[in-house]
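Across the two complexes that follow, chain A remains constant while its partner is chain B and subsequently chain C.
Let's look at the complex of A and B:
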């Protein structure tokens, strides 16, 4: 028998009212402003922008506040918001070679032009809790040096000059857009890069780590890691020329990987690429490693059956909003589904008992 | 109208880019110094939307879609028919309106005044901020030195 049930409106309303109260916490403690979150939890804001796939620091900060600091919930809010925005167009590809670099390091060349610029990094800190931060927020201004005016060249451009690294052929083909058409397999590199840059940081990190531990090993060097602002340019039809419509902070990672050479190619290094909104270097390095692992087919490498080589596996599970949506829906009412399963189990047990009972009676 | 159009040594492309990137709290106080605002009619009232930002594989290869950014745009016409467009980053309709008005006025005789009151100070402020970050980055540049070994 199927019985439709309704109810719970009052309970839901009261639950949301309590949620709002819990979100605010103890009212004797000052309310957290959006600007405070944006300025002081900026790496959380960056992650929400990268995985929410929408660059807007104030919106990401609001989402973090609304989500009580649950970043996946905040990403969900941003994804929902972005679907309401009319799409004005597509930008011209950003020129990361013109980036105003806050940070730029290379693990392959010590003396690269532009130098090793550490920027505001956690690297080389001792990871000891700083109890001064609990006492007050005073900081001394950071020292200044001679500001670099000229753009910083990409490290891979030096290797390319020597011909020892695989080329990235320039093209102007319009890439597929997975916010417009659902992902289909086999995919292609532009779609993979889009899926990875908005993919869950933890998932992409885990996949990248698996390649380092030997599953589809491709021995990556961080050829270059750079963080900074780049201008975003778009063609404006009513003007007839392109203008800058803003600027975004990006993290870019180019890996240089081993390659044996093939029948058609002389031995040369290959590349993995990561580009992520905000200061997100763990994610950018992870993205570059996974990008490289997924390129096995085009580079004529063996399929070792590793998870990081399986684009359908990686791309279908990288999105934390899809994942959490499907995962969390199982906690919502499934009374009818379960009732039918319960009936079935009872019936099977009854039948099993009936098969056993006559036998026992006969003995 | 082309990007070659110049007014007081700055191209239209440059001032539109400057207005698009400028933080609202830097631009609006400067705009508030412009006393006599012209009347205008909307060709397109301010609307908030998204632009899909693209990157290139390996920085130089095939384009891919990186993610969207918020943009607010509007278009207006002054009484003499001069058209101004505002395309600004973020979700501020007042900022988009100000950008469109400044764009229109920069094409008129008011260009000198606008350059003096808004464009030049805004450009100076933004260059100053950019330079300050570059100076801090420069201070974190590693100076390598080689330790003298005792074998010789």
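Let's look at the complex of A and C:
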């Protein structure tokens, strides 16, 4: 006798209970604390904050714990939480020139005011599994120097004086808000940068990599990469001036790109820009390369038909929460549609057979 | 979950969505861009419908959710529960008792009334999307009422297969102006798109809302010599005997024997309660 797919409600409850149990794992092993995740998996926390578009290391750590370490799921939790938060207003633009840099490197100048500061980087580590870490995670304190007190000027500001790099004039226009207005094409640079900074790291990396391999190559140098904390200031109307409301850690990347000149622009260097929450330098560099590729129209370059030049393609597919949701929705029942396809295929096959089978043979 | 606002979204967001809905009703079939929010369920799982429902529901409403015509499919259960928790509205499985019905892939069999709102979940709102992937192009085509590409597609279907090979998401023209995707309902449901109730369509990921007001002309695209045909399995419902309802095909055993049963579970149940029987429920069934 017919048994419908009943009891969905009970099945869902049971699935959730099992999920919670799996998340916890073996109860003989100590429960992971939010502080442990925040402190010891900080780059995962940074990614969740960057793509979740919410700067809160504790919430990001909680999301990672709840998501069993699935970072896209954790980003989703943060995004869903973020939408419920009221908007009090917008901060003033952060001054990355005033950043207290933990890391600041330039690939274009051997030295510059502020110096090359490697900071806590994996760059020159040999990627050898450290089995000692499996037994004992304690480390000796790192040597300390005196922190630089004065602001560290941007590398590109040294090129600007000479006129060899394209000027990026300051704008007082308030940028649009990707999360408050629907995306429409053609878009503009502020919205593109917003989409890229919260875009999926893997996707943005892949797009950037494609430009390096010749799909709209734009010859990028890392003019500067800096990581550190900046103050966030906000105008308080009642006070009539801006006050500091907190600080955030950011990674900023400016690429310097060769440019032969075009119909509208003389030969000069151009720039790509990346700015990402936390220590997220792979993402920041990728963002800068993709930003530069997307600027072809503004710089009068040719459209080479490359994916990374295609604003609608890049922005429509960069968001991993949109992508994963739509991808995974094909798990949902589709039997009504499938049924109608089944009827159609049967009908078409019937008709095709009638056409093929000669009348005489059918008699 | 009472720390959230009524129906989860904040009032400003609901107002923004209501404006989009009103614009959609004023321009039937036109896709209104709206600043879709991230919802606590995944994109592609009904976030557009959920946002439209959230902006539409009032505390006095009675809410029904169906997926594939059924109230008890997992995602319908999940969405119904979401609004039970966040809006505290009454819910029902009875089509007649509901004032707002959120649906995925079906239009209920029972005739809807002027007092009801039908909210569709829409995956891809653009009927021209699979003919032209660029939004910039398709918006232009709509504004110029340039639908030649769609007719060519339907014509090519006929020349290749002898029939229009679209069986769901069958495109319609609304109020003699916009070509619209009715969401992935089977084409069997297309004639029902002309109805007394308000129909609202929400596409969350694609950030679009559109609408069909009551008593609006909705025509399924076709040709004079190949008229539109609403099709279903040539079979009555095995449980309630209905000849006029859309049927799901269910595989019964390893030998692959089949039964056909109403996809609209409320319709089927109410018919059985009224004493109707199908081939498998009749006393004298072999």
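The rule we apply is simple: the second predicted complex is superposed on the first by the 345 of 363 C-alpha atoms of A that agree within 3 Å, B and C clash if a C-alpha of one lies under 4 Å from a C-alpha of the other, contacts with A are read in each partner's own complex, and residues count from 1 in each chain.
By our rule, contacts are C-beta pairs under 8 Å (C-beta built on N, C-alpha and C of every residue); 3 or more make two chains touch, one makes a residue touch a chain.
Since this is a predicted model, take the numbers as computed values, not measurements.
Legend: residue contacts after superposition of the two complexes on their common chain; A:117 is shown touching chain B, with no touch to chain C.
When the two complexes are superposed, the chain touching more residues of chain A, out of chain B and chain C, is B.
Contacts of A:189 after superposition: chain B is touched, whereas chain C is not reached. Using the contact criterion defined above for the overlaid structures, shared-chain residue A:258 touches neither chain B nor chain C, since it reaches no partner.
Contact with neither chain B nor chain C is seen for A:40 once the two complexes are overlaid on the shared chain. Contacts of A:335 after superposition: chain C is touched, whereas chain B is not reached. By the touch criterion defined above, A:9 reaches chain C but does not reach chain B.
Touch criterion met: A:322 reaches chain C, while chain B stays clear of it. Looking at the shared chain after the overlay, A:80 reaches chain C, while chain B stays out of its contact range. Common to the chain B-facing and chain C-facing surfaces of chain A are residues 82, 86, 179. On chain A, the positions that touch chain B within their shared complex are 49-50, 53-56, 58-59, 82, 85-94, 96-97, 100-103, 110-111, 115-121, 142-149, 154, 156, 168-179, 189-191, 193-194, 197-198, 231-232, 234, 236, 238-248, 250, 252, 254, 271, 273, 275, 277.
By the touch rule above, chain C contacts chain A in their complex via residues 4, 8, 10, 33-40, 42-45, 47, 67-70, 72-78, 81, 104-106, 123, 134-136, 161-163, 165, 167-169, 184-188, 205, 207-208, 231-233, 238-239, 246-250, 252, 259, 261, 263, 265, 280. The part of chain B that touches chain A in the complex is made up of residues 1-3, 13, 16-17, 20-21, 47-71, 73, 75, 85, 87-91, 130-142, 144.
Against chain C, in their complex, chain A makes its touches with residues 1-2, 4-9, 11-12, 76, 79-80, 82-84, 86, 179-186, 312, 316, 321-322, 324-329, 332-337, 339-344, 347-348, 351.
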